[in-house]
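We just call them A, B, C and D in the order they show up, numbering each chain from 1.
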Amino acid sequence: MDYDSYPSCSLDARRQAQAGRDNIYLPDQAVIRKIIRENSLVNTYELTLVDELANHRFSFEPGQFMMISMPHLGEAPISFSSSPDSKDGFSLTIRNSGRLTAAVQKLRPGDIIGVRGPYGRSFPTDRLKGKNLLFIAGGIGLAPLRPLIEQRLAQPDETGSLTLFYGSRTPEDFCFNRDFSRWRQDGLDLRLTVDQAAEEWNGPVGLVTGLLDGFPINDGTMALVCGPGIMIRFVLEQLQAMGMEAENIITTLERHMKCGVGICGHCHMEEKLVCIDGPVFTAAEIPDPENP
Amino acid sequence: MAGLATTFGSGAMTNTINELEEAQVILVSGSNTTATHPQVARRIFDAVDKGAKLIVIDPRKTKIARRAHIHLQIRPGTDIPLLNAIMRCILDENLIDDLFIEMRTENYLAMCDLLLQVDLNQAAEITGVAADDIAQAARMYARAQRSTICYCLGVTQHVCGTANVKSYANLAMLTGHVEQEFTGVDPLRGQYNVQGACDMGALPGVFSGYQAVADPEIRKKFEEAWNCSLPADPGLTVVEMTHGGEDEGRLKAMFIMGENPMLSDPVLNRVRTSLHGLDFLVVSDIFLTETAALADVVLPAACFAEKTGTVTNSERRVQLSHKAVEPPGEARADDWIIQEISTRMGYPMQYESTREIMEEICLLTPIYGGIYHDRLHASWGLQWPCLDRGHPGTPFLHKYSFARGFGRFEPERHVPPAEPATTEFPFVLITGRRYHQYHTGTMSRRSATLKRERGTPLLDMHPEDARRLGLKDGCRIRVRSRRGSVPFTLHLSSHMDRGELFCDFHFHESPTNVLTLANSDPVAKCPEYKCCAVTVEVDHD
Amino acid sequence: MIETQTLHKDYLLPLLRKLGKQYRLVGPVRNRFGDTLYIEIPDLDRVDIDLKQQPQNSLKSFFFPQTEALSSYIVDTEPASPTQLYSFHPLLPENRPTLYFGVRSCDLFAVLYMDMIFLGGKHRDIYYEQRRRGAVFVTLGCNEPFANCFCNATKNGPFLEFGFDLQLTDLGPAKNSYFVEAGKANGLNILKKWTRFFTDATKEDRQFQYQAALEARGLFRQLVHVDLACQELEKGNEPEEVLADFSQRCQDCGGCTFICPTCTCFSITDHQAKDQGSGERIRSWDGCTFAGFTRMAGDHNPIDLRRHRIRKRFFHKLKHDVQKHGRPSCVGCGRCVDMCFGGVDIIRFINAITEAGDLGRDKHRGL
Amino acid sequence: MPDIPSICCYCGCGCGLYLHVEHGRVTGVSPSRSHPVSRNNLCAKGWHVHEYIHHSDRLTRPLIRNKHGRLRPSSWDDALDLVAEKLNAVKQQYGPDRIGVLSSAKCSNEENYLLQKFTRIGLGTNNIDHCARL
């Protein structure tokens, strides 16, 4: 609504309305359409903004995140895990790791959460077109990579080879395993590894870095890495040791955040702010590679 | 406090906090100063930067101990043998202050007799501190012109708490390090207005200003002023009240104002039984504490920002704190509550403001004689004794002479802890505070930032002990003593000595005082919080 | 020339009284305890305006209060309700045009830094903007710097070249007046509107002002090589020993970040109301020296050691802000000096690393 | 935004500080520079002393335990009358020394004075103490 066209509206009320629209700290409401259980700790939530017009306008890029609110528990940054091209809403994949996320686990379809965003720098989707992409993920780290995988698989003409090395603690802990066969059918080379062997497990046991040995790296290869900080650190080191340029290795980082828009200062990483300068960084850009 | 009262005649901090900055040697004992008295620690850090020497006596490698020139890491409860050894060294090297002892003290010969029996090697063995370190500390303390001693509950919360304090006073008198600016013996008071509560006579044996209820003259003065007759026998102490249990003659009713014995008192199971056994319990507090939850009537009180009144800090500084906001809902200040109850019980009390109450205090309390609200309005307080309107207050005590006349040496011998470690209970547990929390956590746990900084109860253990027991940092464990068991999260800390554990008592989900023992000092009635035998096991719940 | 005027000291109060009708007034006031603080002045006749001491607070809390409710929220507590309710309603501060007078150069410069943080990015902070919009600054140059000041070294004082609406310079006891420069339209408007209080500045006045500015630079008692420190850090030097020492000293009070006029980090927390069905989202000052500042869910903390936290604070001021904004974000006000529990302050840090740097060079020459 | 001089309610150091009040709420604190103890700084507890004042857990009404054993809100008159009646009853039936009073190191001097006075003349016992020893 354009308040300037309402002469009866007082200046202050107009300012208030303007302010409400510009208020970066004010969450929107999103309704949970569907909850998909990924493993004992992780669920994926399919969400739609309650405001129809806002929902219509809403768009995001792979790698961006939302600040989600739970009543009385504050906010936390969560990456998108659905394809940006999907028509109805978006998905967030959330691991039970604190008070807020524990409360999220108790929600049911139809419940409402608060969301602000999308925020942050996305993956450089243009640079990825036509490249051979090597995705390396650990645990819930596959979530922010999933939109990219879906996007690339949907545009086979502009996509080189796609490989995913995915490591998890146990075979039960893989997220998105319902997608695996479809992804394989669509041409993704998917290799899984677990930290702890289980009886029914035939695949490799060990860290995801173990899968990297002998992987062919050429000029057209780009790597996309996400997982626990310690895993990111070792994978980045190994990829560079294998001869990859730091600019071609891309990762996404996690930090404590309060505002999500570069003001509150919590996610400072040397001179960068993870919320606006990231969360997506190339290995060359990570300010503190020892401590990603 | 009783210890200092016997030796010096007054149980308060002898100096101001700022004087610490000018001391040449500071001896800190039983105080995790950076956590519990940050402003005192600040002066000590500044003094050390200016060249002062720091000696710390503490079983733990606390932050202040890590800053010390000499850290005497004693076994818990061995202050007396350590101090006797220090004094023996001072005597041997002839570093005593003859003139001071002659002019200002009494009972020196008895002290000497005791010191001459001290075996330094035996002392080293008991305390776990090398004889060389003891001698070095003795020299350092005795040789300086301006040495000062700060101690806290690590000294007093022992079965021999009073004797411990006396020993520190003995040391100060032996070397003449008292009665001057920049030197003295300073007990650091832990809570907001603990000094004031004592000064005001919230004690079983004294009226305001430490005027004994047993003294007929004094009782007469108060009877005339209050127009009533007063009981002569000193009453029960806090632990005697909360440990009445099922005894015949136990208390039948209690009025508790702003205290939380259900977390702060030793052997909580006994406290619970006692409070449950009451016919009537009334609690006035700002939050529904663990104690208030047991009450028959709970009265909502105003917090410090919602009322005007005076408080007295550790250095005897009486200060006026102003009302800033209205209490929430129907909450009212405690003075209103007391007046209402008293009036309804047939003893009318009608003060128009706390100013009027203070005027009565001035009238009846010599040490507060000149501390009127209007004098505090534009100043940051007056230090008692302040005898009349013209009196400027007293920054340091015992100038020219001790409050009791002569300072009295009180020779003391080692009293072993009431509950030493055994095979079954191989660890010695020390309890205390953490920096970000305060007392039973009623206020500090409701502060979002403080809760974030320290939100869970931790048990500190030496890494080697943990390795031996196969325990990892951060694991859930249970600490068990002869009286009960309490869950904690394990925190490995090389600042602990082997065989010793430390935990806080801020958290109701880990009520530390289920573990502690009721044995207390026979004079001061301080429970032995700094030393009880426990064992640690993995928590399977 | 209207841009430079003089104001007789006798006219300061009458001028403020006039301005007080148009603006809320904020200025340095000495209270009964002898503390000087910037406070809101509802009645000019009942306060002791103090232009001699450094105010112990900065202007930070006027634009960015220590705690501030951002929004209220309501929640449907009925578990069986078909459409759950969870909505937010902004609690915007009122916008009150305010005239800040007697503002020191460091404090105004800090406001300019805050403007950059809160309003300079892609997303504007409207809470800050609400309090900030319409603010007029009448600054006062420091003829005599205070004991711990070093704004000459941070290059934002003792006199300002820009940023003020009006800048006053004390022309000394003989003249008993202020030299007044208008830096922005608001200042110029004041000069135009209240001409009767002002007199055109003479060439001599301008000379005197210039002289005062020169002399003030010689009166700093702290010699602090801020530029050298920035260079040392820019080279990538890690002052490990200094940080190790500081971490033994730091006692986690957070006071340095709270007192600092350019420390703007904050936290946001929800405060549930008694009825469970509503609450407030509150922002409050936070400090990078607290361990909880960077702790993530699941207790993982990328910056867990105290020395890394101290490093973060000093590096932010002296390195990262230089990289991002071209200048250190320390404004040399000296407020954090002498107030630290363990003697960790920015002067000590700068001295430690510049001395270490000098030592390094000496050694190098020796070889 | 008046600044109200106050004393930190946490430890026995007794730091002097100013409470910042906005719309009837304490929104922040700052230390006094001239105060002999605080000297322009507070510890982490002091800097956050305002955070609990307006906490929603604050007690706002007197509570009386009803016959089902639950604490229920009541009026001040009912609560105070009940307290007076019960304390008087215990005093009459068992004698004054069967009543105990705990005063508080978190309350002011005036309140402590008043409580010990009330205990000694109103209740007629010296059974008053506080947690100095704990």
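Operating definition for what follows: a contact is a pair of C-beta atoms (placed from the backbone, for glycine too) under 8 Å apart; a residue touches a chain by one contact, two chains touch by 3 or more.
Being a predicted model, the structure only gives us computed values, none of them experimental.
With chains reduced to the mean position of their C-alpha atoms, the one farthest from chain A is B.
A count of contacting C-beta pairs for B-C and for B-D identifies B-D as the more extensively joined pair. The distance from the centre of chain A to the centre of chain B, with each centre set as the mean of the Cα atoms, comes to 53 Å. Put simply, the C-alpha centre of chain B and that of chain C have 40 angstrom between them. Between the CA-based centres of chain B and chain D the separation comes to 20 Å, rounded to the whole angstrom.
In chain A, there is no position where the chain touches two or more neighbouring chains simultaneously. Each of residues 33, 251-253, 267, 269, 271-272, 279, 284, 286, 290, 295, 340-341 in chain C touches at least two other chains.
Along chain D, residues 5, 16, 32, 34-35, 39, 41, 43-44, 50-51, 55, 57, 60 each make contact with two or more other chains. Pairwise chain contacts present here: A-C, B-C, B-D, C-D [touch as defined]. Of all residues in chain C, only 70-71, 73, 75, 82-88, 90, 92, 95, 117-118, 121-127, 130, 264-272, 279, 281, 283, 286, 288, 293-298, 300, 302-303, 312, 315-316, 319-320, 323-324 touch chain A in the complex they form. Per the touch definition, chain A reaches chain C in the complex via residues 15-16, 19-20, 22-27, 29, 69, 71-76, 97-101, 110-114, 229, 254-256, 258-259, 261-266, 268, 270-271, 276, 291. Across the complex, chain C is touched by residues 34, 38-39, 41-42, 45-46, 49, 63, 66-67, 377-380, 435-436, 448-449, 452-453, 474 of chain B. By the touch criterion stated above, chain D contacts chain B in their complex at residues 4-16, 19, 21, 24-26, 32, 34-39, 41, 43-45, 48-55, 57-65, 71, 76, 79-84, 86-88, 90, 93-94, 96-134. Looking at the complex, you find that chain C touches chain D at residues 31, 33-35, 37, 39-40, 56-57, 61-62, 65-68, 251-255, 258-259, 271-274, 279, 284-285, 290, 335, 338-341.
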